[in-house]
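First chain written, first letter: the chains are A, B, C and D, and each begins at residue 1.
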Amino acid sequence: MSTTNERLLPGRFGRFGGRYVAESLWTPLQEIADAFDEAVDDPKFVTTMERWLDHRIGRPTPVSHLGALSERVGGAQIWVKREDLCQGGSFSINTAVLQVLLARRLGRRSVIGETGTGDFGVALGSIAAAMGLEARIFMGREDLENETLNVQRMLELGVVIETVDTGTRGRKRACSEALRFWATHSNQAHYCASSLAMPDPFPRILAYALGVIGAETRVQLKRRGCDPEYIIAPIGSGAFGVGLFSEFAKHTDIQLVGVQGGGDGHGARTSASLVVGSPGVFMGTHSYLLQDDNGQVLVPHSIAGGLCVPNVGPQHARWAAEGRVHYVAVSDDDACLAVRTLARTEGLLVCLESGHALSYAIKIAATLGSEQHVVVGITGSGLRDLERLDQFAHSRQTP
Amino acid sequence: MSTTNERLLPGRFGRFGGRYVAESLWTPLQEIADAFDEAVDDPKFVTTMERWLDHRIGRPTPVSHLGALSERVGGAQIWVKREDLCQGGSFSINTAVLQVLLARRLGRRSVIGETGTGDFGVALGSIAAAMGLEARIFMGREDLENETLNVQRMLELGVVIETVDTGTRGRKRACSEALRFWATHSNQAHYCASSLAMPDPFPRILAYALGVIGAETRVQLKRRGCDPEYIIAPIGSGAFGVGLFSEFAKHTDIQLVGVQGGGDGHGARTSASLVVGSPGVFMGTHSYLLQDDNGQVLVPHSIAGGLCVPNVGPQHARWAAEGRVHYVAVSDDDACLAVRTLARTEGLLVCLESGHALSYAIKIAATLGSEQHVVVGITGSGLRDLERLDQFAHSRQTP
Amino acid sequence: MSQRLEKLESDFAADGRPLLMGALVAGDPHVEATLKYMSILAEQGVDIIELIVPFSDPTYHGPVIQRACARAIHEDVGWSDICELAARFRERFETPIVASSYFNRFLAMGLENCARQMSAAGVDAVMIADLPWDESQGVEQSFAAHGIAIIRSVAPTTSTERFQSMAEGARGFIVWTGHSGGEVTISTESFKAAMAGFHQHTQLPIIASMKVSTGEEAAEVGEFADGVLVGSALVWLIEGRGADLSERIRRFVDDLRRHLRP
Amino acid sequence: MSQRLEKLESDFAADGRPLLMGALVAGDPHVEATLKYMSILAEQGVDIIELIVPFSDPTYHGPVIQRACARAIHEDVGWSDICELAARFRERFETPIVASSYFNRFLAMGLENCARQMSAAGVDAVMIADLPWDESQGVEQSFAAHGIAIIRSVAPTTSTERFQSMAEGARGFIVWTGHSGGEVTISTESFKAAMAGFHQHTQLPIIASMKVSTGEEAAEVGEFADGVLVGSALVWLIEGRGADLSERIRRFVDDLRRHLRP
């Protein structure tokens, strides 16, 4: 990549990011970028957004100290930031609020999005309904069949679901289809991103929308006298991770850890783009990517739908390159075990995505002292993972 | 009932309430009553409870203004108090926190409870797990088969489920069985009530645990400049209703409305004990009851499992007798329609229990002006009702 | 208090002979049958007959009596049937009758009305499964006015202090409930100890409900208690039916009675 | 810029004859076949051949080309195959070749490396579906150093102002993409107006990709645009196969060509 681009173009994070899209999308994206820049400079817009967050979706979410788990692990104190308590049970509604408000500001009648786990589909569907916009959600057929609960919810919310045929889980194809649709409908419809691994301005927009997670966490931890050693987040496309990490990035005494889907744990069937991938351009952004030597994108694997993406948002690529955040992979089995351990020890049922981060946190906590603190970001509730967990249970033993 | 009793005995609400139990339960109940009285006088206990509420289950829950629905209805402003945002998706976890803390205070190793919809089972299971106690939940076979989602959650939380054979939905038999079990295990196990229609001290305990809902609501409405005309709650056993209403009971300019399950809408198959029932003693308390002329208790009917109870807590009996609260019945169909209308208009998926209150609120709001305010208590999320709603959808049209 | 109950009290005070109390569910399988079984009990020397008035939700009874109640409810047994049953029994027998049920059934009839009609029908006492003595003062007055006693219950969870206050106003006899429909959880040792403690505070016989189902068990319980209440075992015989049922009930009660003789 | 592309530019400047551009997916169904189809296109007077280098996720292409890419990927077509294909084509034909793909495929080879090898193989230009001109300056330099042009695209969403800046440094020709893989949503009126606007800012031919699949459609588009790009329709013929495929391609292209003659 040339050094000129890095300095002159928008949406850069070090040498990563950018807006690698077909010409047809450039102008619509620029419109969103301009609307976003204006909106966040408009105190009325920001106040409206905050009202939706506080009065509708339930912000602030708490930070919980997991006393029983910490004791069981016998090391550091483990804390969790609870995005599972947002309306709809996942952090993604935070991004839906900002983006649907932008759609309204732009005078659009509908919003378009893509969903893998269905969480973002539910989130976008509910906010769109509340603001009187139609929601059209693209979802892969396999995901559609796997996520019956969220699909039922979307239908009940009046979402128009567009089924995308694809042989695997994950949102790669659904995302392409949503973009293709948008390219020809950009003057009536507003594209809302759920993935951070998207062209500018989406990485900026999602980081802004989710920054509240880290901001709240920092204040809450401080008030509770918790001075964290580690802050750990699950990383699919990394939107949640950016939301949690940004606030702490400048505090270099805190070790930030991003946990990706390690799939079968042997490195071949994985989603860990920052661990086994390499830089490339995909889905409109220059970032880390699972690819072969020919630049073909590989199919990601993870039991957690939200982690099942081949690439990652550009902010993480920069943090990885700078060494600011440590990225690791955790296997499907370890993630399931962690979710189950948490359920039995703390009565909390979290999603498998969060189980990845938790599994790593448990391992790290065991090596630390009881005066030290490890904070884990919980992205969502585990309701939609009950079947998967049950299947896991039948093949392994209980903690 | 003699006037002596009314004045001397504990747990009276006017002429209602009491502790009508077998001798074997009197002393265990007195132990709980004493422990409760001591506990709520102990600032350390209360602080611990508040910490669990705030830092674990997500209190305070927001009050949301439903702008789009209000506009659609074309009358008063409609507001909702959002207990669906509590951990586990229902208000009942508030009662689980207090009761499991009491169990711990009493040195018990396990908690026993009964659940109809599964919500309380999930709530009790999660708090018990977090506090290191075993949870044993009694549930009717029919409910067990109807509430697959919550049953899966309980199993994942390590709850011991005791299946109770009964021909109908609702918690009447499960409650008997739980009490029978407790009667012979009261020194190891602590009984936790989910129903308000129980012997003293449970009506007091639940009212205390849930009073936070009304207290928050009053402050939140005041801050938002909302001076409510109506406050409306769904009433099964009425625990939630007591939690919401108590704070407002002395403000006689506010009309309080309790909405019961009207079943098929023709008065025969119903759960509306305060509308078509009469005073009697059942499940340890003197209150309103669905019964025949011989004093046999009738089987309640409602599409909403949480409303499917034949009797109601004694506080409501008093309010009904005094005329302080207006009790009405809403049919299954109207409740479903209200849930669906809310989903499509506001993107909120609430439980069918809340749909009952909402249906009435919509009717009332339409008769009021846009400067007036109607507040509805939402008891829980609609996730577990998706199937039922879908069946309803197939037999009726969409709003 | 009825003369029949007074006699029971004074006979016991005089000879301390262990008492046999038998329970039947009224209307299981139908009212005529119940009358016949009551007669057999009386003929075999049962000292007290408990007539369980079926309630829709017999929370504190075990599965056998729950099923019997369900069968009897199906027969739609009302208060008039019960009173008629008692009255017809009284035509031939003096054995005290205790009508037992859940509070709501008495309330539904009206306490005053209930007491009057029962008294007229020859019922001597009532037991109300879900009316602990603390809640019963007012109710007792209503019944006492018509000469009907309310039998008090004690349980493994009852402390001696509590027993003391409770025993003060007790009439006729006291029932010890060792199970409340669940399993008997109390050990012989603590049962013995509890009985000894209670006996310091009352002259009335304490009849133990301990899921007795054989003569041997009756003898065992009779060693510490002043009498034995046999309920589920009798009702279970009736549930089983068969051609020679009357004869089997007769033999069963006879066996119990003989094991109880001191 | 290659001499072949220079000649195309100057010929167009001289006579304004509408151009015909045909697209094929390299390796669909295999490399030999692609070479044969390229030859047919060249023989039938196609002015520019677009060689689509298969990518795993052809986001901006329609279903027909997506399927063709999937087939070709299955054949594991690498850069060396593409270069060999171009080189062998060059043994017989002078028709300009545009290698088209998604940016990641070029990056994977290394831009410098890629430009050198393509140039050696006789490729004249590249089109990169997901590299808008704003992001392409650096890349253009790398390719220009080896005489390879980067073809710029315009779309219905491109404003005249934006077109003006974009057209400034454009080389060879410009491609108008009316659909981006979806349906063509622009009306004839606005297409005409856009073309007229754009023509004020460039001398280069603007070749329109408008899902043309018949001679009539080609003629229609050719009225306002300076050329027609036929992609899906050609690839679809190949997907259908059949014994006389070469002949059918020949007839189809001939028909397009004849409709386009002024």
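Everything that follows uses one rule, which is that contacts are C-beta pairs under 8 Å (C-beta built on N, C-alpha and C of every residue); 3 or more make two chains touch, one makes a residue touch a chain.
A quick note: this is a predicted structure, and the numbers were derived from the prediction, not measured.
Undergrad: Return the chain whose centre of C-alpha atoms lies at maximal distance from the corresponding centre of chain C.
TA: Max centre-to-centre separation from chain C belongs to D.
Undergrad: Quick one: report the Å distance separating chain A from chain C, using the average Cα coordinate of each chain.
TA: 67
Undergrad: Taking each chain's centre as the mean position of its Cα atoms, how many Å separate chain B from chain C?
TA: 37
Undergrad: Between chain C and chain D, what's the gap in Å when you average each chain's C-alpha atoms?
TA: It comes to 99 Å between the two C-alpha centres.
Undergrad: Looking at which chains touch, is this a line, ring, star, complete or other?
TA: Here the contact pattern is a line, an open path with two ends.
Undergrad: Looking at the whole structure, which two-chain pairs count as touching?
TA: By the stated definition, chains touch in these pairs: A-B, A-D, B-C.
Undergrad: In their complex, what parts of chain D are in touch with chain A?
TA: Residues 55-57, 59-60, 73, 78-79, 102-109, 129-135, 137-139, 141, 152-159, 162, 177, 179-183, 185 of chain D touch chain A in their complex.
Undergrad: If you look only at chain B, which of its residues touch chain A in the complex?
TA: 54-56, 58, 61-65, 68, 82, 84-87, 89, 125-132, 149, 152-153, 156-158, 224, 340, 343-349, 382-383, 386-387, 389-390
Undergrad: Sort out for me which residues of chain A touch chain D in the complex.
TA: The touching residues are 1-5, 9, 18-28, 172-173, 176, 179-181, 183-186, 280-284, 289, 291, 293-298.
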